[in-house]
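Input: structures, listed below.
Two complexes come next, and they have one chain in common, chain A, joined by chain B in the first and chain C in the second.
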Partner chain A sequence: MREPLLRVDGLVKHFKLASSNNLIRQKPVVRAVNGIAFDIAVGETLGLVGESGCGKSTVGRLILRLIEPTAGSVRFAGEDVLAMKPAPLRHMRKDMQIIFQDPHASLNPRLTVEEIILEPLLSQGARPSPELSRHAADTLDKVGLPARYRHRHPHQFSGGQRQRIGIARAIASNPRFVVCDEAVSALDVSVQAQVVNLLQDIKDEMGISYLFIGHDLAVVRHIADRIAVMYLGRIVEMAGTESLFGAPLHPYTQALMAAVPVHHPRLRRERSRVRGELPSPLRPPPGCHFHPRCPFAQDKCRSESPLLRTLAAGHEVACHFAEEIAAAGRNTEASASREATDAHH
Partner chain B sequence: MKADAPLLSIRDLVVDFAPGSGRLPAVDGVSFDIGARELVCVVGESGSGKSVSALAVMGLLPETAAVSGAISFEGRDLRALTRRQWRSVRGQQIGMIFQEPMTSLNPVFPIGRQLVETLRAHERMSLRASRDRAADLLDQVGIPSPRQRLDDYPHQLSGGMRQRVMIAIALSCSPRLLIADEPTTALDVTIQGQLLDLLNDLRETFATAILLITHNMGVVAEVADRVVVMYSGRIAEQADVFSIFDAPRHPYTEGLLASTPDLFSTERRLTTIVGSMPNPAAPPPGCLFAPRCPLALDMCARERPELRSVVGGQQSACLRAEQMAMGDKP
Partner chain C sequence: MAAPDMLDTVGERPGALARVRAGAAPFLRNRAFVTGAVLFGFIVFATAATPLLTDAAPNELSIRDRFQPPSLQFLLGTDNLGRDMLARVLYGARLSLGIGLSVVLINALLGVALGALAGYYSRLDDILMRIADALMAFPAVLLAIGIAAALGPSAVTAVVALSVVYVPRTARVVRSSVLVVRELDFVQAARAGGATDLRILRRHVLPNCLAPLIVQLSFVFAYAVLSEAVLSFLGLGAPPTVPSWGILISEGRAYLREAPWLTIVPGIAIAITALGLNLLGDGLRDVLDPRMKVEQG
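Let's turn to the complex of A and B:
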């Protein structure tokens, strides 16, 4: 098998907090990311989903070394990203870009659109030139904005247009890999759909790989080839998109799917909601982190932390009782999805 | 529908923040009713005027806004209330919760004190009785160990718990109407599900009507009895929730439904509505949705259609509403 474009292994990030109590020497530690591993192939989109505080955005920033990992390895196109010195790292960033969530906060208000788009290239040593200006115009065209907008400032645009500018900046250096960190979450639905489609078009045209970080499973389903589900700093399930939605194996994945609002009022039903909330990452529960909220939890779950293991081809899950739960859930799941399909047609 | 008067009735509401400027008003001729115990969703994207409409009902608009139209609650003209009279309406008869529970709770007081303050502002109660009642309320909104939580400050609670506290405060005086402005938007999907269930349950226990403002058609599908779809300050369509989802009579409603990503769909591409909301400073001459509308005809660019009854209780502001049912809908 070919080496993947990106290979993340054993990635860990612990944030030390300032202690609120001076008598206690040891500072509290947030284990934001606690041993994450995944690959992304050329042209592939990996969706990374989970609730706020699960560490998914931290993963994106660690890969780009916007923050330094505590441990682990990140290899991009065969090179060790974490060992890179500042100069080669900066050079590498041409190939690794990021699109942020908030299009109001992530664009410098003092710069024109053209300056924003070309900044990554100029920081790579390019010199301003008519060709570069033409490149900015072409890039704007790629994201569906007229070239004449390039002399305007961010405040003159709507949220959707700003996000297109953010995308233009990310793809201007012709990258091979882009982290989309909740890139469509702040947008209105009609605009969100436009931007999701735009990201797909750009990927098809330029052969980019995405790490698509999001909390909306329905959105991620439309764009991701594979999906990793995170809970309190760990991946609890990872599978191909169809496999994950067809037969979610982890109780947390099942709970996340059950929580997504229905698509039609006829589908309203009494649903078993997941209990409780995400625990504090300062004091994660022992054993399986999900056990206090899990309807299937048993003694083993309270003491032993389950490892991610392969259950079916390309389908990994970190749950002691995944097989039993899958067998028990098959009947109810089947009837629920049949109901959903019926209502659809 | 019952023959008696609705709980809340809004007629020809216009809210203009820049009168005389030629800009489109933020809310432009909105009329709808809410019956007792009814859950009405006002749905629309940013800039549709949905939140401004809610603020108008609560009398919370800045004095600089030019407001016209009628808002009556239990037969009482809310727009004629004095400040003093408002104080007995807000909180006691109409409760409100907002999107961001962190900014609507006071960070320097424990949540128990904020509940007690609301209770004692509207009812004569001893401190002890009001603390008991506050703990009851926290219990009813699903906060574990409510007695201990009374002394917690807002920052000690998660976003979901803070929103539960807001709901407890809003319901503390058993209002007849609860206005909830995007109450679950800032929350995770599992917490959103819990809160929607909670709102539905509380509707029964407190016998309260709910005006829920949202941009999420999924939330509408989960809880609404009736739906008001707003676009650029005007009502595009209103109907019972089944008509909205089964046979929308406005292309904007249809577009909103189609562009909402579906968990069960294997389609890679999402259906979109082309273009974006009109600029309020330079609105298109006819129907405000016409530039984005797949069904638009020449006449749509000439006149701005008024909301009218199409079939049953369904109202649409589209000239082609009748033709829509004959489309490709199943």
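Let's turn to the complex of A and C:
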């Protein structure tokens, strides 16, 4: 098999918190990312979903080395990103870009749109020139903004337009891989759809691979080829989009999907069976991190941490009882849809 | 808001004169900037053109004319030794402005550099800020007096002493802004684009820390002029033969009741300078902020 474009293995990030007492050496540690592994092929989009605070944004930043990982490896196009010296790393950054969530914080208010878009190229040593200006205009055109806007400042644009500028900056250096860190979460629903479609078009045109981080399953489903579900710093389930939505195996994934609003009141299923809040990543529960909230938890779940294992082709799940739960889920699902059809008559 | 068509000329290059006019327009539209420029410009002009404005020498004694109130002969009156106050205030401006501007310049260079380093590199932060804490633990005037006393009285001493006092304060202001700005996404974006630390600081972080810095520097100038007066008053600034505004005030203080113009005149000079610079700073801050253009345009 060909080596994938990006291969992440055993990625770990522990944030040491400042202790209130400096005499105590043992500082509290937040286990934001705890052994993440996945591949992304050329032209593939991997969705990464999970609740706020599960560490999904940290994963994106670790891959780009905007934060230094505690352990693990990141290989991009065959090169070990984490071992790179500063100069080659800077050079490689034009191949890996990022789109941020908040379009108001992600654009430097002092620069013009053209300067913002060209900044990655100028950082790499390009000199301002008429060709570069034309490139900026072309890139603006690609993201659906008129080229004549290029001398304006960010504050003169709406949120959706700003996000397009952020996308233009990310693709200006012709990257092969882009991290979309909640790239549409801050936008109005109508604008969201436009921006998601834009990202899709750009991907098709330029052959970019995405790591699409988000919490809105409907949006991620639309754009992702495969989806990884994260919970408290670990991937609990990873599968092709259709396979994951067709037959979610992990109780957490099932709960996430049950939380997606259903429009027709008769079709509404039982509300999320997940109780309680996300536990503190300072003291994650022993065994399976999800067991305190899991309706199926057994003794084994409290002591033994489940590993990701492949159930169906390309469908991985980290749950001791995935088979049993899936079987039970199919039964209730079937009876629920039967009830719904009955109600229609 | 400016008409979009004017902003959106593509390809055409306006002529040099038009470009200068377009560049100056936002400055001229800003009332604070214009007022400040007029006030401060007046002081600078008077300082530069002193020999044209008065024939009198600042240290020429004339005991017969002592304590003359302002008149046609002595526009701003005379002091206890009959010296012409107009000449003394004008010549004194050289020293006061020189010391103030030197301190501001040193603050702008050292304070910004140290503040940027401390704010951007958390390793340096602890060391630099503990040193700053130590210096700031002393009352400003006391520290300046101590340093000036150790170095011996001269104008250079006053500049050094006031810089030691105010650089940590400027560094503090810059550091706190850098701490905020460096966490913003556009700084992360710059790093993700492959920018070096120096480029990130120069192009992304520091320009967005400009507003509090400009305010701080105009504040430092006003305080440097005033503190120089304190040092001179204590005999730690320039020698008394050179009349700085601070010396004029401290000398006139003894005759406050009989000849109030001796303190009022240099006092007004300091007030105009400080006010002018503060307005200039505020205006500059607003004009340089691209977000303000729309509201005014």
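Criterion: the second predicted complex is superposed on the first by the 321 of 345 C-alpha atoms of A that agree within 3 Å, B and C clash if a C-alpha of one lies under 4 Å from a C-alpha of the other, contacts with A are read in each partner's own complex, and residues count from 1 in each chain.
As a working rule, a residue touches a chain if its C-beta (ideal position, glycine included) is under 8 Å from a C-beta of that chain, and two chains touch if they have at least 3 such contacts.
Quick caveat, the model's predicted, so the values are computed rather than measured.
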> So if we stack both complexes on chain A, do chain B and chain C clash, or do they fit?
Replying inline: fit
> Should A:D102 be classified as contacting the first partner (chain B), the second (chain C), both, or neither?
Replying inline: second
>> Quick check on the superposed pair: does A:R90 touch chain B, chain C, both, or neither? Answer first, second, both or neither.
In response: second
> Looking at the overlay, what does A:R169 touch: chain B (first), chain C (second), both, or neither?
Replying inline: second
> Touch check for A:L307: first (chain B), second (chain C), both, or neither?
Replying inline: neither
>> Just to be sure I read the superposition right, which of the two partners does A:L17 touch: chain B = first, chain C = second, or both, or neither?
In response: neither
>> In the overlaid three-chain picture, which partner chain does A:Q192 touch, first (chain B) or second (chain C), both, or neither?
In response: first
>> Just checking: does A:E119 make contact with chain B only, chain C only, both, or neither of them? Give me first, second, both or neither.
In response: second
> After the fit on chain A, how big is the angle at chain A between chain B and chain C, using C-alpha centres and going to the nearest 10 degrees?
Replying inline: 80
> In the superposed model, does chain B or chain C contact more residues of chain A?
Replying inline: B
>> Can you work out, in whole Å, how close the C-alpha atoms of chain B and chain C get once everything is superposed?
In response: 10
> Where on chain A do the contacts from chain B and from chain C line up?
Replying inline: none
> Which bits of chain A are touching chain C when the two form their complex?
Replying inline: 61, 64, 66, 90-91, 93-94, 96-98, 100-102, 105-111, 119-120, 123-124, 147-149, 151-153, 155-156, 166, 169, 173
> Which bits of chain A are touching chain B when the two form their complex?
Replying inline: 51-52, 158-161, 188-194, 196-197, 200, 215-219, 221-223, 242, 245, 255-268, 271, 273-274, 277-278, 337, 340-341, 344-345
>> Touching residues of chain B toward chain A in the complex: what are they?
In response: 45-46, 158-161, 188-194, 196-197, 215-219, 221-222, 224, 241-242, 245, 255-256, 259-274, 276-277, 330
> Contact residues on chain C for chain A in the complex?
Replying inline: 7-8, 10, 184-186, 188-196, 199, 203-204, 207-208, 289-291, 293-294
